[in-house]
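Please go over the structures that come below.
Shared between the two complexes below is chain A, which has chain B as its partner in the first and chain C in the second.
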Partner chain A sequence: MLRLPEFNYIRAKSLKQAGRLLADLGPEAMAVAGGTDVYPKMKRGQFTPRHLVSLRFLSELRGIRPGTKDGMWIGAGETLTAVSQNPAVNKLFPALAHAAGSVSTPQLRNVGTIGGNVFVDTRCNYYDQTFFWRQAAGFCMKKDGDICLVAPKSKMCLAVFSSDTAPVLVSLGAVATFSGPNGLRRVLFDECYRDDGINFLTKQSNEVLQGISIPRPAFGQRNVYLKLRRRGSFDFPVLGVAAAMQFNPKGVCLSSKIVLTAVASAPVVVDEAAHLLEGKTVTRDAIEAAAEAAAKVSHPVDNADLDYWYRKRMTKVYVKRALAELAGIQLELEKGAVKPRQI
Partner chain B sequence: MRKKAFSVIGKPLRKVDAMAKCTGDTRYADDIELPRMLYAKLLRSPYPHARIRSIHTERAAQLEGVSAVITGKDLPEKFGIMPSTQDEEALAVEKVRYVGDPVAAVAASSEALAEQALTLIDVDYEILKPVLSIEEALASKEESERIHSWNRRANIQKAVSFEFGDVVVGFARADEIFEDTFFFQGNTHLPMEQYCAMAQYGPQDKLTLWSSTQTPHYLHRALSKVLGLPMSRIRVIATPVGGGFGGKSDPFSHEICVAKLAMITGRPVKITLTREESFYVHRGRHPVKMWVKTGVKKDGTLQAMHFRSFLDGGGYSSYGLATVYYTGALQTVTYKLPAYKFEGVRLFTNKPPCGPKRGHGTPQPRFALEVQLDKIAEKLGIDPIDLRLKQLVDPNSITVNGLRISTTGLRECIEKVAARADWKKKFHQLPYGRGIGFAASSYISGAGLPIYRNEMPHSGVQIRLDRGGGITVFCGSIDIGQGSDSILAYAVAEEFGIDPADIRVVTADTDLTPVDLGSYSSRVTVMTGNAAIQACGKLKEILLPVAGEALELPVDDLEMAEGQLRSRSYPKRAISFAECVEKAEGKFGTLGATGSYSPPKHPANFKGSGVGPTPSYSYTTSIVELSCDPETADIKLHKIWIAHDCGRAFNPLLVEGQVEGSVYMALGEVLMEEQVFRKSGLHKYPSILEYKSPTTLETPPIETILVETDDPEGPFGAKEAGQGPLLPVIPAVANALYDAIGVRIDEIPITPDKILRALEGRLKSVSVPWFDFPPPIKWQPGDGVGVQQKS
Partner chain C sequence: MPKRKKSSKTDAAQKGWAKRLLRLKVNGEIKEVATETSKTLLEVLREDLNLTGTKHGCELGECGTCTVLINGDAVLSCLVLGVESEDAEIVTVEGLMRDSQPHPLQRAFADLGATQCGYCIPGILLTAKVLLDKNPHPTRDEVREALSGNLCRCTGYTKILEAVELAARGEEGQ
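Moving on, here comes the complex of A and B:
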């Protein structure tokens, strides 16, 4: 068994104290919630903190409140199981319930939190390996080395953004509430990420996410999340499509947002989709065009499960299916071949 | 005469060790704790191919808490499972041959310290060019590209060639000739329990090794050889194995190292490998490229077959010598084949060594054969099931390559599975995207020969009767989860007419139990079962007359049932088993008996004929119904029907468990599992998260149909059930996919990207290299020794 290295475990008594501890201890400290990302990475030497500040027992991070004035509030410390099974979440945001419920396994969802999920480390087949393996491969720039092993010419780390819930939150226009040394700060999830496999978060390391609010305008939007992965459990997304659309009673699309996960180092918003769909009744052709646009901005590389040619190909199919589901359109299966000759 | 009705056999009884497993009482190797124990870790090579210039261990040895550090110099004696290919070292002496090859071992007071000590060992490597594929291995000429020096030709471990019957004539007689190429990617066993061993030396200069091993006897021999200790001073205890599937059948570096470290330190030493290390130890399924040429008449009857296989063996021989033969041995035992040529070669490459995995060397050719038959049937316009039914091998026959078939339930398996799956209504009739596929197969019930040549029995059982009526059964067999301990209890309980719960089974301890060769080649039920019956027979010869005397009845009128010895005609006239044992002990002294079993001699006697023979062949058929989304190539399995001729189900629950487990494992192999490497020779993803193995969510409903042929060679008629059922599932999935969307994927695993490429006509066919095989050994049926059919 891989063993956990030694570290100091500090149980924060309040949100404020957590922030202060993180600020005081500096780069050698990390926040930990459920620990389902942090601990395995410590065993493999990808994270090497001396101190862990645990957020696990903070009541300030708890609670799912559907009807606040800012919309629905979800405490960062709520487990993925709690989020995925919450009736209000299921009713209003089935995409979020599904995304949270599709993370990993039931056991991990029982301890893993939504706060940890939106900040889950970017992934790469050259990085998510043991110390022995990484040493044998030659370390990469994300940890202990200075080149990218996926694309040696790349100046940037190409590790893949792999959160399931983040793209849904971005698609719904959700807002993050951070508690930091300078008090509370509210920022759109859209602005929380940057396309850099190493520095993929815009927040300060001493900022703790207190909770998530999904604004009232999102309440009327249809939303969906489709996840591509090898198996029905365990697996991280190797492509995720979150889509949210608002329709008027006549079926005209008023707003539309498509967000991809696991195709870059940050969630990718398909900007063009809005132009293609908004103000129109959604037809098969419009869906096709939007899917085409999504495929253009999807750049999977050879560092995750399944062939990257295939993953790129699937962007279009998944976006098409996601939009069709929201628009209530039945897609016909394309027939690639015919049945073998009958006897 | 064979008994008609059974009291224990055939009942869905609970396994004798089931409760302990459920409650957590079972003590696996890693659960063992001993006073003053140390923990060991192995330093492994980060390079796939390198010469070791020097190793400096001084800094590690000086670390506080480190008790011993050893290197290859301390264990120079070579070993290996096969006597003729002893090319492994416990710790590499001159060269490392794959990433993960161990070079040094440390014993320390904690695992963390042992790990820290590893970082203080300095190894100076001279890096050599790695050989990473079949093609590269075949092309190696330079001395520096040679992975081993003992073999004759660079990187060719073994090349074999046979011709049975007249292949030229066979092909000349054929109306149509089919040529296809296939590739079966390597995969690993992935048992839940990782490798673990614990050693203790002393008192009295004796060594005890506990290990999660499938072959305690072979391990016993290897330890003796490498450590230079007589076998009489070594005790090997195989702990309950938390899954093996063939991966724990070799003697391993970690086992030898803890033994040596225990001898040096005088303290118990334990090692538990990580999941990553288990991927490096491997010994799993060989990647095999195959070329198959088959000639058939217009009616589909086979005339001749020429089969070539190229095995990517990895860095050491392991069981490879047997594997290369196995890729050619069992093509003949399902359908009549009048002429057959086989050529096979196993290559060394700088990757973890391949070895036996469930089905050992036969799933790859079976995949090729069954898919090709599907293609043949389509071309000839014959239903693939009808094509097979025309030419099934006969019971009590000898195949063209000299394998003796006793019973075969293949026809019944085909008919039953086709009826249950409603084959005739579905084949070619399902809508586009949905399909159904069929395949059949056969497997051995135990290898006919032991790993090392000897005249001794393959399995021994000793039974001791206790005054209180208790029965203890001793046998060297090891339960790897398949239920072999239960089998022993059931066999003895059946023979003595008592409840299996009243039997104590002591297994897999070389100090206490007679030798059984181990849990490999699906041999245990047939061999230990027969040995147990023999031992029971000897005791019955003592007990029955004693009962007869006490009851004043003739022995022929007595039966043993319900814990009694009683009159068949007046069942009320009875004495209890316990009372009879007491009387017998009073009369004859302490009661015990042994039984043993050796498989029948096989008819063929050419060089290489030792691989393939067995007391009996099991038969399996499978039908798979699936859907494939033509846009995403996502496969959804709807249902799998599988019929298995197990001779006789000792316990239908256990047989079904083995069948379902085999189906599950086959699905992993056909759809996702791949043991693959980067260009640097590093395993791509040695982790249970990224090495994709199916979950329960990917496993469809499985309908198991047991077929009983009451084989004369088997105990109560039983054959194997542990491996054979894996075989047909893989080609059945490939054939079903073709029925669903009209594309053939001749390459395992069948992943979505390959399907999409095939749908677009962009999937390349498998390339098979050229190789100059040696001239064939020729053999005809009738050339061999005669066999006596047991009745």
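Moving on, here comes the complex of A and C:
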């Protein structure tokens, strides 16, 4: 049986107290919200906190408010079910509703929060295993070992950033509000991540995410998220494409942002693709060029489900599909391709 | 090489990890139990309250057989702590019966032979109950979506989907 190891469970009474507890207890403490990432990882010995500071019952992390001065506010403690079913989220940010609704299973989304989802641990075939398995195969540098088992010469851990909602928030220019020892801090989601499988977050461990602000969409803005996974029912993404574009009434692209997930240890913004599209009418050729550029910066390695070369090839296909959907263009199916079931 | 901390009950007692008195409301009854803080609701239900109808599968959130209802929502009891379930209404498969009569879903599953080994069924019944409570006449796709987190290794799902639809039509037990 996989039991949880022993730990101290502390139910934080306020956001401030949660931050203070995390600061006082230091590296042996960890925040837990829904626990759907933390508990399995504790059972497998990947996380070994001595103290868990629970954010689960904090009313300060609740609420979805569409009309604030910074746009839409989503409390970090809102469940993925609440986010994916919220009418305002569905209307303004269908990409976010779809991303939140594509995380795992209905039961897990009833408990898992959006705050936990944007900070979900990076994944790797050699790391997401039981303690027994990792002990037998040899530990890796992300936990208990000192080399990367995927690329033994790599100085960095190559575990894959696998959040579904984070790339969407980056593409929408969303801002994170952290509550920490020095008060509140606001930072673009774009700046919350770094390409390092172990230290993939730029925030301090005692900073608690209070909520997310998404700027009101400009007139003519559309957004989409497409996810590739093995099973249609539920699975982590092995590739995700979030795209947001603003069009003028004549169909000219005014701004665009394409963000990939599950191809590196952080979300990858495809800057080049944006430059290829902005100021232009989005044609099939422009989409082809932007998709090509996205595939160039997509570097999946052999540490997740499905072959890495396939995931790279699918980057082009999925970016094409995402952009075509935004531009309202019907693409011919790639040669030999099967019409995808929308997932 | 790192050693994994073994945590048995005696270890916990030696190290002084506290047991806690939990007050849980399960199937309408208040139950008090002294148990380790680290126990999941699944472990508390099965080991401390002897409610073994809730099944114990992957323990990692991947199979859905441990599903119970907490305040009317289907959740995975292997990923929720006992201490996190206090002050909530918990319903397990044992709580599905009404006046000693099986729930319409239970009858529909029996009518169609929609269960084989039965291991996945408690979780499926509870998940389907939430669906029908919220949406009494779901389409096939809605049933499929609602049950997408419940794995079954035996049936191939067709009979399960048909049984939920039979119960939705109110035609079970005829």
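One rule holds for everything that comes next: the second predicted complex is superposed on the first by the 330 of 343 C-alpha atoms of A that agree within 3 Å, B and C clash if a C-alpha of one lies under 4 Å from a C-alpha of the other, contacts with A are read in each partner's own complex, and residues count from 1 in each chain.
By our rule, contacts are C-beta pairs under 8 Å (C-beta built on N, C-alpha and C of every residue); 3 or more make two chains touch, one makes a residue touch a chain.
In this text, all values refer to a predicted model and were calculated from it rather than measured experimentally.
Chemist: So, does A:191 touch the first partner chain B, the second partner chain C, both, or neither?
Modeler: In the superposition, A:191 touches no partner, neither chain B nor chain C.
Chemist: Determine, under the contact definition given at the top, whether A:314 touches first (chain B), second (chain C), both, or neither.
Modeler: first
Chemist: In the overlay, answer first, second, both or neither for which of chain B and chain C A:230 touches.
Modeler: So A:230 only meets chain B here.
Chemist: Between chain B (first) and chain C (second), which, if any, makes contact with A:271: first, second, both or neither?
Modeler: neither
Chemist: Is A:135 touching anything from chain B or chain C once the two structures are fitted on A? First, second, both or neither.
Modeler: both
Chemist: Of the two partner chains, chain B (first) and chain C (second), which one does A:2 touch, if any: first, second, both, or neither?
Modeler: Both partners.
Chemist: First (chain B), second (chain C), both or neither: which does A:56 touch?
Modeler: A:56 contacts chain C only, not chain B.
Chemist: Is A:302 touching the first partner chain B, the second partner chain C, both, or neither of them?
Modeler: After superposing on A, A:302 lies clear of both chain B and chain C.
Chemist: Applying the document's definition of touch, where does A:39 land relative to chain B and chain C: first, second, both, or neither?
Modeler: second
Chemist: Show me the chain A residues, by the header's touch rule, that chain B contacts in one structure and chain C contacts in the other.
Modeler: 1-3, 135, 233-234
Chemist: Which stretch or stretches of chain A touch chain B in the complex?
Modeler: Residues in contact with chain B: 1-3, 125, 128-130, 132-133, 135-137, 228, 230-235, 305-307, 309-310, 313-314, 317, 333-343.
Chemist: Hey, which residues of chain C end up touching chain A in the complex?
Modeler: Residues of chain C touching chain A: 1-2, 4-5, 7, 11-12, 15, 17, 36-40, 43, 56, 59-61, 64, 67, 73-76, 78-81, 83-84, 127, 145-146, 148-150.
Chemist: Touching chain A in the complex: which residues of chain B?
Modeler: Counting only chain B, the residues touching chain A are 44, 46-47, 99, 111-112, 115, 194, 272, 274, 276, 378, 381-383, 428, 432-433, 629-633, 672, 678, 680, 682-687, 689-690, 692, 694-695, 697-698, 738-739, 741-743, 751-753, 756, 759-760.
Chemist: Quick one: which bits of chain A touch chain C in the complex? Just the residue numbers, please.
Modeler: The touching residues are 1-9, 11, 34-36, 39-40, 43-45, 48, 54, 56, 81, 104-108, 110-111, 131, 135, 139, 144, 233-234.
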